[in-house]
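Multiple structures follow.
You will see chain A twice below: alongside chain B first, and alongside chain C after that.
And now, the complex of A and B:
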């Protein structure tokens, strides 16, 4: 007997059969992210802003050392200091005086360089509204389980940050961009660090959840630079980022330091300005957030317990032979110079062209002068 | 009179019409109505089996067999097959004479049990919507599942990499093309309606592990503890590269053959037991398998040794990892259930249905939230230009969404998935359109700062002359009054 039943399903909870999930569950719930991204921006150009490029490159170096691969870092440098004509040591950018530490390195990958670093491009990277032709390395391909680190440095003021000496990004625009990122779930948690004058004004307007922000100075204060190098002739780093770099050099991928340690970096005695931070939008306790949650890329792993039993032998891929025949045509280089044509050249017959503009103009002038002086009645002498 | 409307028109931004009311309707849609009405055919068989008819997508057939039947082994009550069928053995209390209703009443909890395993439940919905609905850490397993699975995307790229850190000792040969064609391609063909897949492979030489395995003298082998596994991926990832043409997520499957000094290499779990598959995977990234070759040659071999890799074993593990990463969870069958082993394609039909259904729900939810947030955003910020093509994309996304929900309610999984994919494409295209950048942020005080220097000098003589006109008119009226009097 056939019986047709239409059952509609409602809530039935699966009994949590956590056997091998149990030990991994602990690591999952500490942070909830599976991948890390970093967007590092230096917004100022000209040689005397060397320290901003050095700031960004030192954060880049720390982030790479702690495990985030280049494919997950969007590095935007507004000017090229390493290959600047005024750099006495080309292909280097130093962060410590006496040229102790070259933060440029051998394998730096700059994604946005020079004039490509604009407010528009920065906002496009954050919100994802890039033209379809943009390559993968210039995109922020984060998802809802990505922790993103955003680092901005340059010259700023109360509520704005200057890009390229010609335009500004305001704190409202930045807050709106983060809200659009949240709407589209482009981040799990976001750490925003800014090292400019009056940097704390830039995070005042944030209103999206899961944001933590650090700034190098409060509103009304200037962020100061650290030390000049007499050989290079400019200030090498800003104070806040200098001490941040020193702090990060002690962190290794298995380190358990948390955000509260990061807030203590560069107290007023060292920094002269008062660094600030904002954690009210961050849902977790900052003490439970590890430094490597944002600066490093510690992967979660699970042991694979199952395997599929495959018994079929491998089919030989037959098409290979057909393809080989097609590819038997030989290739050769194109001649650089058409030597045979040059050697056996016959004199080319030049095609006749009507007279050029200059000749025409000259003849018109002569005719005009002629007729002006002698009048029209002499026309019959010509024709 | 002329100036003000002209100024208004020229500073207006072009905004094409958006179907806001329909969008609002969609956002209020209860997810419960997305539940699939499952068509279940229950056949009660006493004597012999009918020919098993092909079950259409989205439905299940449950064959109820008598207790004395020999189709199932003794201790097994339920058999779950590969093609949307299940065999259910009736308990001994039911006699033939009872009425139909009583029979159904007896069967219902047993069938519900079968459905729990084979079909979609509340936890599947919350897993599909995990980016919007963050679960409290009560249901750990489903959170782990949702974190592991790649988000729904129109395409995926799969890269198989062979890591040979010691080419001086091992010359490795792997027939990756044949293996992919035989073992992986059937699964991907079956999943063709869910997403497009592109596969490539590479061999990396001198790629080191980044962690130092410890030598365990009791086992005579090198071991990797679970804590060190997390640090294995990063040093390798920088060298992997990717087929960078599209923005699709990349699944990496790495086969690591340890160098001769560190062979054999075993992965141990937290209980210090050797892992039989010798492989691990990382959520939303891919998997790594360690393949030991030291057993294939003796100590007097001439280096480099030519070695052929057993692709069936390797692909078995990779296939299992691929299933997990794509969202096909292994069934949690209670005792007494027997699940048919994985077929050649690696995916049962009912697992495919489940995947299609959860992908449809995920796509519908994502597309709805995208469009709703886009509408809110465009509402809030009045300065953004809305081009016609964006309005077109939004309208088509809304129609596709409505169709997808209708198809889900009717039970047509394939059409629902197709419409949901169209909806997602259209909504993403509309949301991420490059023209929607609101660089036109004018704070109010800046607006005043721009207009006041322009208009104030102009307005002063106008105001004065207006005042003059008014006072003249008043004076004339007073004179008229005086004349009258």
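And now, the complex of A and C:
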């Protein structure tokens, strides 16, 4: 009897454990994303905009440290500060005064450099509409299970961000690009951080789901730079990104800090401007989104001795195959915009029509002038 | 209808102008002078600010260490200068080469049209020595210039020493994005003119120079250094250049910013800035500074070696070190640091200085007025010319002719003519009293009137004049019909030219002649600089000013002498003509 009792206990325990494992497995696969991407853009050039390059490189450094590989980072820098003639420390970009932290090194891979950083290229990277010859390092090859971090910095204003001193991207364009990404299923969740003057205006127009946005200043406020370096002669970083970097330095891949901590970075006392954030389009609770969901590439690994029954999912996959055969849609990149259908063209007139508008008016004017100068009496020969 | 197209309104306006002509002219003149004086009043000025974004807010910590060594080099330079009796070319070449610059020389020679009064030279021969510091990583497209003149005697030795010390310090830095040219020019402006002409491949003044072997790209900015003492109490900024051209205000702002940062006393026009702008003495101080600047611009001569750069659109200024009786002295290291800071900021430039004003007047280094604010004063003075032109019967005559054309009445034309002749006589008096500017215009108007009038030939005027003058009282009643014009005619014809008045007007005209005006302004200039001269010294100064003006025109192409000789002087002769018109 005792053995039977023990056996039954063992059986129930085993069954309970196996149920536990299945629950764990269910939870294990329930998080939304499977891979992480980052698009980090610095939009301004010239030596006195050193701090924007330093901002972007600091975020790059953090993101790489937390696990996102270079193949999943698209880094766009509009100017080369490290090798600028005016840099007294060539091949370095410092983000902390007294040259404590060099964010440039020999493992920095810049994907878009110099004049390649344009509005068009940025939007093409986001939406994926790149010519077939574009190398993989310049593409954002995300899928519907990707969490993407997008970081923009530069000079901006109310509703726009300036690229390279010659063009701008507006908040409407950005919102439409994100909607395209959503429709093309190019992201699972997207975190958008912008560090410019009046940065909050850039996320005002978002309307796609699963977007969370942070900005360094509200509309009408300027984002300020942090500290000048007296040896280099420029401001090294912007305040918001400086405190963001300080915050991120404390994050390690296993940390459980969530987005609510990120919203507290750089309060008004430190930043002088008021950072803002937007979470209404984000379907989860921001408190449940970890920092490493966006900034790191965390692979979940759990060691178990139990076996997990995976038969159910396999059946579903078979069914999916059957379904896919029926409702197969092939997605392909659109090569070119069909220009002729877009640009309004006047249809060619097959037969002669009497002249209208401008030509008629011109001839009338000529006739009138003629008859005025030479006298009205000639008119009667016509009529 | 509009103001000028409605004949009634137009007539009323013309009548107003002709009737109130003299009062309006006086009011305009006073307003113009008052406006100009008011510009120095501090609430009406703007504080200077840095407009160029690239030379922005951040400052570098300057680290120039070698002030004493620079002074020692200066003493060595003085010794070699005395030994060679001119420019020690070989020593300079050797020293610059040892500091790692690419050194080149340029010979030049010039025969002056007549011997110079100040320096008593006739045939000028010299050599410029310049060394180019190549930017270590940049292409050789842009350059900055630091120059110090090599003058005979005991002047400017410290400047050359500091220049060489800075050259050595700059050579060790890696952050230069532009080439820096260190130039030591001989014979001040003549050498500088030769160097600039050689650099830009122009030959405008007929100087003879050897072509430059080494070049550094287009020059973005230049500074000229004049330092004659080991320690200075203040630094003076000289901005006025050839033909009154000024560098971009950003250069002055840069200098002022560094003066404030390093804590050196800085002046402009040799006058120290005062804080009490609301007191009379403070205000007069500001007015003096501004008047000095305006007069220096009017003289058209370059007031420092920088003045010749401006013609090539290179922003340049001269920094003079002044050693006066003050307790706080600034040593050479600090001056070197100031220059180092300025050059590092100029290094950050991406394009030429163009963001700030090119035309301005400074009442002190921290306050300025731009051309938009000071031009209305001269505009008001110019309006007087227009008013005087309109006050001749020309406008009334125009109206009369129009009416006569329509009405075809010769009586009216005769009346118009009668209205004119007395005006012509009064012209001499009135012109002299009100400054006489409009007289040429009035004379032209008179001549034009003769052509316009039908039925009257010039021959009749001489005889008709006397008759008309007596008859015009009778014609007053007829003129009364034509309305408002007669008021002006009556006022004008009430004067008659009598010999005492003519002598008085002749005296006034002599006083206002270009020569006398120049004499007075020489004395005034000396007063403004707080160095008043006796009459004899003033007279010698006046003669040297005239000869210098002619020399400036011959040597550098200054425009003041041709302007005065070909424009102002004939106008003044014309006034004589009109005054004694028979």
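To be clear about the criterion, the second predicted complex is superposed on the first by the 269 of 383 C-alpha atoms of A that agree within 3 Å, B and C clash if a C-alpha of one lies under 4 Å from a C-alpha of the other, contacts with A are read in each partner's own complex, and residues count from 1 in each chain.
Assume contacts are C-beta pairs under 8 Å (C-beta built on N, C-alpha and C of every residue); 3 or more make two chains touch, one makes a residue touch a chain.
All values reported here derive from a predicted model rather than from experimental measurement.
**Q** Tell me the contact category for A:228 with respect to chain B and chain C: first, second, both or neither.
**A** It touches chain C, and chain B stays clear.
**Q** Given the superposition on chain A, which partner contacts more residues in chain A: chain B or chain C?
**A** Comparing chain B with chain C, the partner touching more chain A residues is B.
**Q** Kindly classify A:34 by the partners it touches after superposition: chain B alone (first), chain C alone (second), both, or neither?
**A** So A:34 only meets chain B here.
**Q** So in the complex, which bits of chain A are touching chain C?
**A** Contacts found on chain A: 46-48, 83-88, 90, 228, 230-235.
**Q** Residues of chain A touching chain B in their complex?
**A** 1-18, 20-25, 28-29, 32, 34-35, 67, 69-71, 119-120, 123-124, 127-131, 135-137, 139, 141, 143-145, 170, 172-173, 176, 180, 183-185, 253-254, 297-317
**Q** So in the complex, which bits of chain B are touching chain A?
**A** Going by the criterion above, the answer is residues 35-44, 100, 104, 111-112, 115-116, 119-123, 130-132, 137, 139-144, 147-148, 151, 175, 177-179, 181-183, 226, 229-231, 233-234, 237-238, 242, 244-247, 267, 269-270, 275-277, 279-285, 287, 289, 311-313, 315-317, 319-321, 323-324, 330, 332, 341-342, 344, 346, 369-370, 373, 376-377, 381, 431-434, 436-439, 441, 443.
**Q** Write out the stretch or stretches of chain C touching chain A in their complex.
**A** Touch residues, chain C against chain A: 53-54, 56-61, 135, 137-138, 173-177, 344, 347-348, 350.
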